[in-house]
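As written, the chains take the letters A, B and C, and residue 1 is the first residue of each chain.
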Amino acid sequence: MPRLITLLTDFGTADGYVGEMKAVLATLAPSATIVDVAHDVSPHDVDGARLALARYWRRFPEGTVHLVVVDPGVGSDRGALAASSEGRFLVGPDNGVLSPALLHAGARCVSLSIPSGAAPTFHGRDVFAPAAAQLALGASLETLGAVEDGPVIRRTPEATRREDGAVQGEVITVDRFGNAVTNLLAMRGGRVQVNGLSLALRRTYSEAQAGEALALVGSSGLVEIAVRDGNAAEQLGLRRGSSVALLPLR
Amino acid sequence: MPRLITLLTDFGTADGYVGEMKAVLATLAPSATIVDVAHDVSPHDVDGARLALARYWRRFPEGTVHLVVVDPGVGSDRGALAASSEGRFLVGPDNGVLSPALLHAGARCVSLSIPSGAAPTFHGRDVFAPAAAQLALGASLETLGAVEDGPVIRRTPEATRREDGAVQGEVITVDRFGNAVTNLLAMRGGRVQVNGLSLALRRTYSEAQAGEALALVGSSGLVEIAVRDGNAAEQLGLRRGSSVALLPLR
Amino acid sequence: MPRLITLLTDFGTADGYVGEMKAVLATLAPSATIVDVAHDVSPHDVDGARLALARYWRRFPEGTVHLVVVDPGVGSDRGALAASSEGRFLVGPDNGVLSPALLHAGARCVSLSIPSGAAPTFHGRDVFAPAAAQLALGASLETLGAVEDGPVIRRTPEATRREDGAVQGEVITVDRFGNAVTNLLAMRGGRVQVNGLSLALRRTYSEAQAGEALALVGSSGLVEIAVRDGNAAEQLGLRRGSSVALLPLR
């Protein structure tokens, strides 16, 4: 089977940047299949890209190369990485965006050198796409650079247990539907407190009335705040970092 | 030739949801080719997706699998469908979004069962993508579920003839250019009345002056209201459901 | 290797138009690989598409077919083109959007005839996609139409030397990050004057402080105005046509 190269960027879908990256991939690894994940990550939103990557990287077949370019520090002394983890490969800036894969036991990481001809403003085209192409062609990770033992790691903040027994968390991302994804795990039900509301955990959106706020366990296993047929982030004033708490069943 | 799987969703192009669905397809049907149609359907806009699907589903080669996930009722008791029609396959929620294909003579439909492990908020990943992959691998429709004889059908409202001989219709969708597509058929010319304007039917946008409103027969055979080099919906205050009438030539 | 067909349009990512074009390509040239470049070019923005195309067309492998449909004059008497340049093929309206390739020495151009059944509002589907498919299948350019010696050419305005020795230029496009790309070439450094600011040319965004405006040479070799971790176009009030000047080092 041809190798897959997935793309996640904040380049948008109006300019020619995605085209330039795909041109490099098509030239260097013509047998690979390019898979667009998303190009409308908010500009420079490393954490948004990191959380998106967490959803899909391990679901693709072994051998897939995940290319992630959300790179506000391009041209600075931030490193450039290629990594392998759970049989998948990853390429991107050393700014924490690859953390979901790097945190797995057995992950390996090398530091990509920056060719002297690389544009200091576009490593996606001149550094990361060429490395992804090499991996898709079967190059071993170690041929791409020296081992990097201390890559930058960004973590989702962990929820904490409060003295009253509740679990204190926060909104970690808001998706296109306005659903506010939190860092709360809810194994056994409970109630969610957010902005003065107390919401019973439901199983699906459809258990609420149209326009009603609800909490449920989303498809990544985390508690989400939603409004049925509405936009919870807008209607409840939620954004990344907003406080939420989980009161477990007693 | 490898089978094609087309994707139409309202998942947007910033999150990881499209990536998760593509990962399932790439894992289960690695020989299939994934074709993005659009992922920025307005959230939960079943009719918008239905009208988009109507434009392309029958133009793809026989054997193509059209995967459509605009699914506000996910996790409720709404059904999950796989269908065949005119040699193409379709997979999506039983909410009317697949109607353009289901309304064709000879269309067949089965009800997909929901695996117990499926996330109640993401059947695109856990129900529809696996079914699409099976069809792309050549599975027969009947192996995917029990025959469903009464799928939900949503229809574009039909224009009606008025006593004065005019045909009363409405705007059914607004496209990215602000063109307002109506449910009016115009075989032999006529004038279009909309918001107090009376517009002669033109053949092309370029027969109007810059900034001028016009009516014409669009590429799907329906009357559209446009503004040359402008946005008709914004400038004329049109939206889905806005009233329009066609006065045929006498 | 299968031929590539790249797509650049202003059709957006919510409607079915891209699906219709891909259906034509998949039907007529099933062995070709479709590569999305971008579909969110601003509606009717021929110059935006032209500048995007300039970035990527020559980076793809020889034999690639670049399909560009930003076509405000569709259905008028504007011509329809297929071209070859530097071993790549291009298809699109004769409105200047293909100029980056047409301006190269050795470029050849033919005029596509419009089939009588083509929708006068959608040549992307009925004229350009079929021509792109033929080229991807290996048809020679000359079989597609008569030689066109005088295609419409649109050029980026050239910067001019002022009496005071500075080079007077302008913003030619603004990208998704709010970076304002100018028509200034800066081989040897200098300072950039824009909206009353005098900005030293830096090498990378990271040489400025967060929120600070800077000028640098972007990845296409042109001077750009940026704001570190910000949006220069919004914060400095820049848009296409805004005046900028380069004061060379003395």
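By our rule, a contact is a pair of C-beta atoms (placed from the backbone, for glycine too) under 8 Å apart; a residue touches a chain by one contact, two chains touch by 3 or more.
These numbers were taken from a predicted model, which means no experiment stands behind them.
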Distance in touch steps, counted as few as possible, from subunit A out to subunit C: 1
Rotation angle superposing subunit B onto its copy subunit C by C-alpha atoms, nearest 5 degrees: 120
Interface residue overlap between copies subunit A and subunit B, same or different (over half shared): different
Distance from the mean Cα position of subunit B to that of subunit A, given in whole angstrom: 30
Multi-chain contact residues (two or more partners), subunit A: 13, 36
Parts of subunit B lying in touch with subunit A, wherever the complex brings them together: 10-20, 22-24, 26-27, 30-31, 34, 36, 43-44, 72-76, 78, 119-122, 125-126
Residues of subunit C that touch subunit A when the two form their complex: 1, 4, 6, 8, 13, 35-42, 48, 51-56, 59-61, 64, 175-178, 203-206, 216, 218-219, 224, 229, 231
